[in-house]
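As written, the chain order gives the labels A, B, C, D and E, with residue 1 at the start of each chain.
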Amino acid sequence: MWKRAMTGAIVLFLVGAAAYASFFIAPEEKTMHVLQRIFYFHAAAAWAGMTAFSVCFVANLLYVWRRSEKWDSLGVSSAEVGLAFITVVLITGPIWAKPAWGIYWTWDARLTSTFVLWLLYISYLLLRTLIEEPDRRALLSALFGIFSFIDVPIVFGAIRWWRTQHPAPVIMGGPGSGLEPTMRKVFFFSVLALHALMVFLIAERYRLEKLRTDVEVLRREAEAI
Amino acid sequence: MSLLSNTGALLGKELRTEFRSRELLTTTIVFILIVIVLFSFTFDPTSDESRRFAPGLLWLAFLFASSLMLQPCFLREQHNDTLSALRLSVSDPFAIFLAKLAANTLFLLLTELLLLPLFAVMYNVPVVPVLHWLVLVFFLASFGISIAGTSLSAISAQARMRELLLPLLMLPLLTPILVASTEVTKSLFDRAPFVQWKGIGFLAVFDVVFLTALWLFGEYLLEE
Amino acid sequence: MTPPAFSLVGLRFENIDKRYGGLLALRAVSLTIQPGECVVLAGRNGSGKTTLLRIAARLARPSRGTMSFSGQFSGEEAAAIRPGFVAHATMVYDELTAEENLLLFSRLQNVPQPGNRVEALLHEVGLSDRRSSLVRTFSRGMRQRVAIARALLHEPSVLLLDEPATGLDPQGVSWLAEAIRRLRDSGRTILMSLHGESEISSLGTRAIRLDAGSVAADTRTGATFRSILTFADA
Amino acid sequence: MTPPAFSLVGLRFENIDKRYGGLLALRAVSLTIQPGECVVLAGRNGSGKTTLLRIAARLARPSRGTMSFSGQFSGEEAAAIRPGFVAHATMVYDELTAEENLLLFSRLQNVPQPGNRVEALLHEVGLSDRRSSLVRTFSRGMRQRVAIARALLHEPSVLLLDEPATGLDPQGVSWLAEAIRRLRDSGRTILMSLHGESEISSLGTRAIRLDAGSVAADTRTGATFRSILTFADA
Amino acid sequence: MSLLSNTGALLGKELRTEFRSRELLTTTIVFILIVIVLFSFTFDPTSDESRRFAPGLLWLAFLFASSLMLQPCFLREQHNDTLSALRLSVSDPFAIFLAKLAANTLFLLLTELLLLPLFAVMYNVPVVPVLHWLVLVFFLASFGISIAGTSLSAISAQARMRELLLPLLMLPLLTPILVASTEVTKSLFDRAPFVQWKGIGFLAVFDVVFLTALWLFGEYLLEE
């Protein structure tokens, strides 16, 4: 209990520090001024979300291979947390887009693929509610999760393969791209903070799922007697 | 009297099977979203075009979704030959249609109302001032779609190739509804909203004609 | 009970043909079944028993000839007669529970006090403790029990049973035989298809054998009765 | 015949549970069936017979415990054993003809000379003259005949029959009994669920009764054998 | 060896059930035409817009039609539990997928080729000079759609609300295919046609990735 509270406090502190850094430490950007500061959360949340989906992908693979309930629980947990982060991206994006491009939304490859990613993981969670038998639900949703992961590299590649309204990559974007060093440090710090938050949320969600399945098993055993 | 009580009992059953799991609405809404995304993405309309196309797109997506949703309406009755059981138990077979019609209309109406806020935000249109008109259009259109969908579902359930058949029969038949409700919605979403009476009248007439046809010929649709 | 408007109903088949594409499933079948008879319909697989029963239930139209209910009532009243029917398919909803199914059909047939009636029937067919499971999760015998319960709900004046004992365990068969005996003794008209001799066939007061769609034998006497069921005469 | 790699195959169920949601359909079932035994599985409706047979066919996974084939072969060879299975569902395509169905499944199971084999089987089950009708148009008994034919196609070394006589007319039952006897005498292992006593149950060399998912009785001797089928002991 | 012979036998069965009545192709084509007409009706695009939208529209209509067509692929196997019969008879369950995959690809390809002349006339585009490229794109896209559709149909057949589920799962997953094939088609229909290698490469990679996934995980899809 203590350990959990402590971890929670540390994670909160990290996220707070990242917020502080992005507002007060990072230098002002020339064309977009204070608005650009949303970038540290926008991109970092996207990275954290995609990492969460990668965790989901690995958990799905492991479930199919080992058939142990815990991988199924990890699968749902990480899908839900990833979905939350992508939702943040889908909210911060338009907030930034309105002043930057003059519109909230446009259907370019990056934006659409991100939205499709969001829909895919909603479908993943929806599919789970549509199959009653626990084993089959776990197996079939794991398989669907494996298939839907294909959209993650596409979201990542969208701004690299197609010409988009969305800005081209500044990190890992090849020669000519890049960030000012302080910006870079702040950015990586907020990436770290949001990843910590993501891991913490997944762990908490996983505990909850585990409790739920334990209760289920107890209930079944009570019925069997 | 017995028509009403039968319809009531059957409506209870329809709602129970449809809403036993509350995911039905979610699924439909996600489906409609997907259709909207696909359309927008493929055509990549300019923001001006996209505003012009919005009401049409909404109705088109909605029509697709209904043509899928209404499909199992009678198909479900074939699985254990429950349609025969109903025909054996009910005194007026029209009750079977009425119940399905009511359940479908209710369901479609609910979906539309749930989609409305989302749509309002996405295309930035003010819906509150014209809400009552919108509800009227939604009702007239959903009712028309349900009548056609329910009757055609009875036909397509008996044919082979059931999967494609309902959309195939239903979509062309409902083009008038699609066009009329798109026009009315467009006028309501206009910068200076107005009520397009012609469209509303058209929808009403369409509904009455179809309902009469169903009432007259419905019974034959159920025959073996 | 309101719905079984008449308890004395006979069946009259007049010169009935039923054609499926090129196949003649029934050929010139003429039969008169008196009110209160308990008729066993025998015959080889594919001889037309199910087809005849579906026509009797008015679920299928004969290609030629007519089927009608006979008795002391007007044509309009005859239209209100609702036979109880146990078919090959269960005729209940997989996605509803046993109880919901029976309640639905009692409401549709205006059974008085549906709650009590359903309660009693569920107990009789031995499904009380599974009443709130979806029929989808039932075993074959349990489904057949629900199907029988549905057919008996409104204590019909005409009972059409297509191999009603299918899938039932020995206790189930005994229970069913008892139920049929009770209905027969109360004057209900019963037409049932059966294969071979059994506890249930012994309840019949008349045996008819179909052969390739025509009536091949028809008797009320004990000795030929047995031979019709076992095909010993053929 | 290539496919029945081994004619001597036993079945071993070890401590099997099968759970459907909150319901325990099988509880700690342990059984060893020797090669060549002909086992009759009895039990009330819903006692778990079908579930056990589906696990034996490896169509369902037990929630706990293991099912395996025993005999003188490697694990890999065991994976190639394909039991013949007659289930509640017909397991043939409605939209193909009887002949097309049987030909398809003989090809899939590498039956040598499929044409001849199918021809012979169709004749045996009495469907020669309906061979080119779609199964969809068949009567219940005719469907059951196709289902049985499908299961016997490759002369399987293990035969799993779930109420195989359902819907068959008396001649059909006699034919089936004859077929089962022949397979039993040639050393095939047979596990079949049946209700009550019949021509077919008398072929059994061992009777097992399931009760609410557990083995309640198991015998090879004649006197108790009968009482297990009729529940006279319970 | 036995994988191939099993696949062959199963493919025969698939084709026989699908094409027993030749209406299937007609129905699909009519459905696609209806979608195209409905679209034009609702949006009333200018002739310039309509030319710009044409390839996207074609692919979109096609994708919708496939998501309906592929639905019964595994549903059909559930009706009499024939899927169990196949699992009992086949030595490698991948054969079941391969056969369905081949049948579906063939069917989709055929539909596209039959639609092509119509499309060429409707939008006045010269198809003959780029026919071989078009066939390549059609093949790659149909194959990708079939792989995803076949696998997801196995999933959706086992869930509730099957009617909506396949389109729901399939359409978002196939957006990349939709985009890539639309782009390639656009470039081929250009006034100065050229081959967009990037799109073709993308389609090929997509197909290979999905096929590998199906090969690795297909057998689990069939488990009870």
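In the analysis below, contacts are C-beta pairs under 8 Å (C-beta built on N, C-alpha and C of every residue); 3 or more make two chains touch, one makes a residue touch a chain.
On a predicted model such as this, the values are computed, not experimentally measured, just so you know.
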### Message
So if I look at the partners of chain C and the partners of chain D, which chains show up in both lists?
### Response
none
### Message
Going by average Cα coordinates, which chain is farthest removed from chain A?
### Response
C
### Task
Determine the centre-to-centre distance between chain A and chain D, using the mean Cα coordinates as centres, and give it in whole Å.
51
### Task
Using mean C-alpha positions as chain centres, tell me how far chain A is from chain E in Å, no decimals.
31
### Task
Please work out the Cα centroid separation of chain A and chain B, and write it as a whole number of Å.
36
### Rounded Å distance between chain B and chain D, as computed from the means of their C-alpha atoms
48
### Task
Among the residues of chain B, pick out those that touch two or more other chains and give their numbers.
21, 23, 27, 30, 34, 37, 41
### Query
Among the residues of chain A, which are close enough to touch at least two other chains?
112, 116, 119, 123, 126, 130, 132
### Message
Quick check: what residues of chain C touch more than one other chain, meaning two or more?
### Response
none
## Note on the structure
Chain-chain contacts, ordered by label, are A-B, A-D, A-E, B-C, B-E, C-D, D-E
#### Entry: Of chain B, residues touching chain C in the complex
2, 5-6, 9-10, 12-13, 16-17, 20, 76, 79-82, 84-91, 223-224
### Task
Would you tell me which residues of chain A are touching chain D in their complex?
132-135, 219-220, 223-224
#### Entry: Footprint of chain A on chain E - complex, ascending
148, 151-152, 155, 158-161, 165, 168-169, 172-173, 175-176, 179, 198, 202, 206, 209-210, 213, 217, 220-221, 223-224
### Contact footprint of chain B on chain C as seen in their complex
57, 59-61, 80, 82-83, 85, 87, 89-96, 100, 104-105, 107-110, 150
#### Entry: Residue numbers on chain B that touch chain A, as the complex places them
21, 23, 26-27, 30, 33-34, 37, 40-41, 44-45, 47, 122, 124
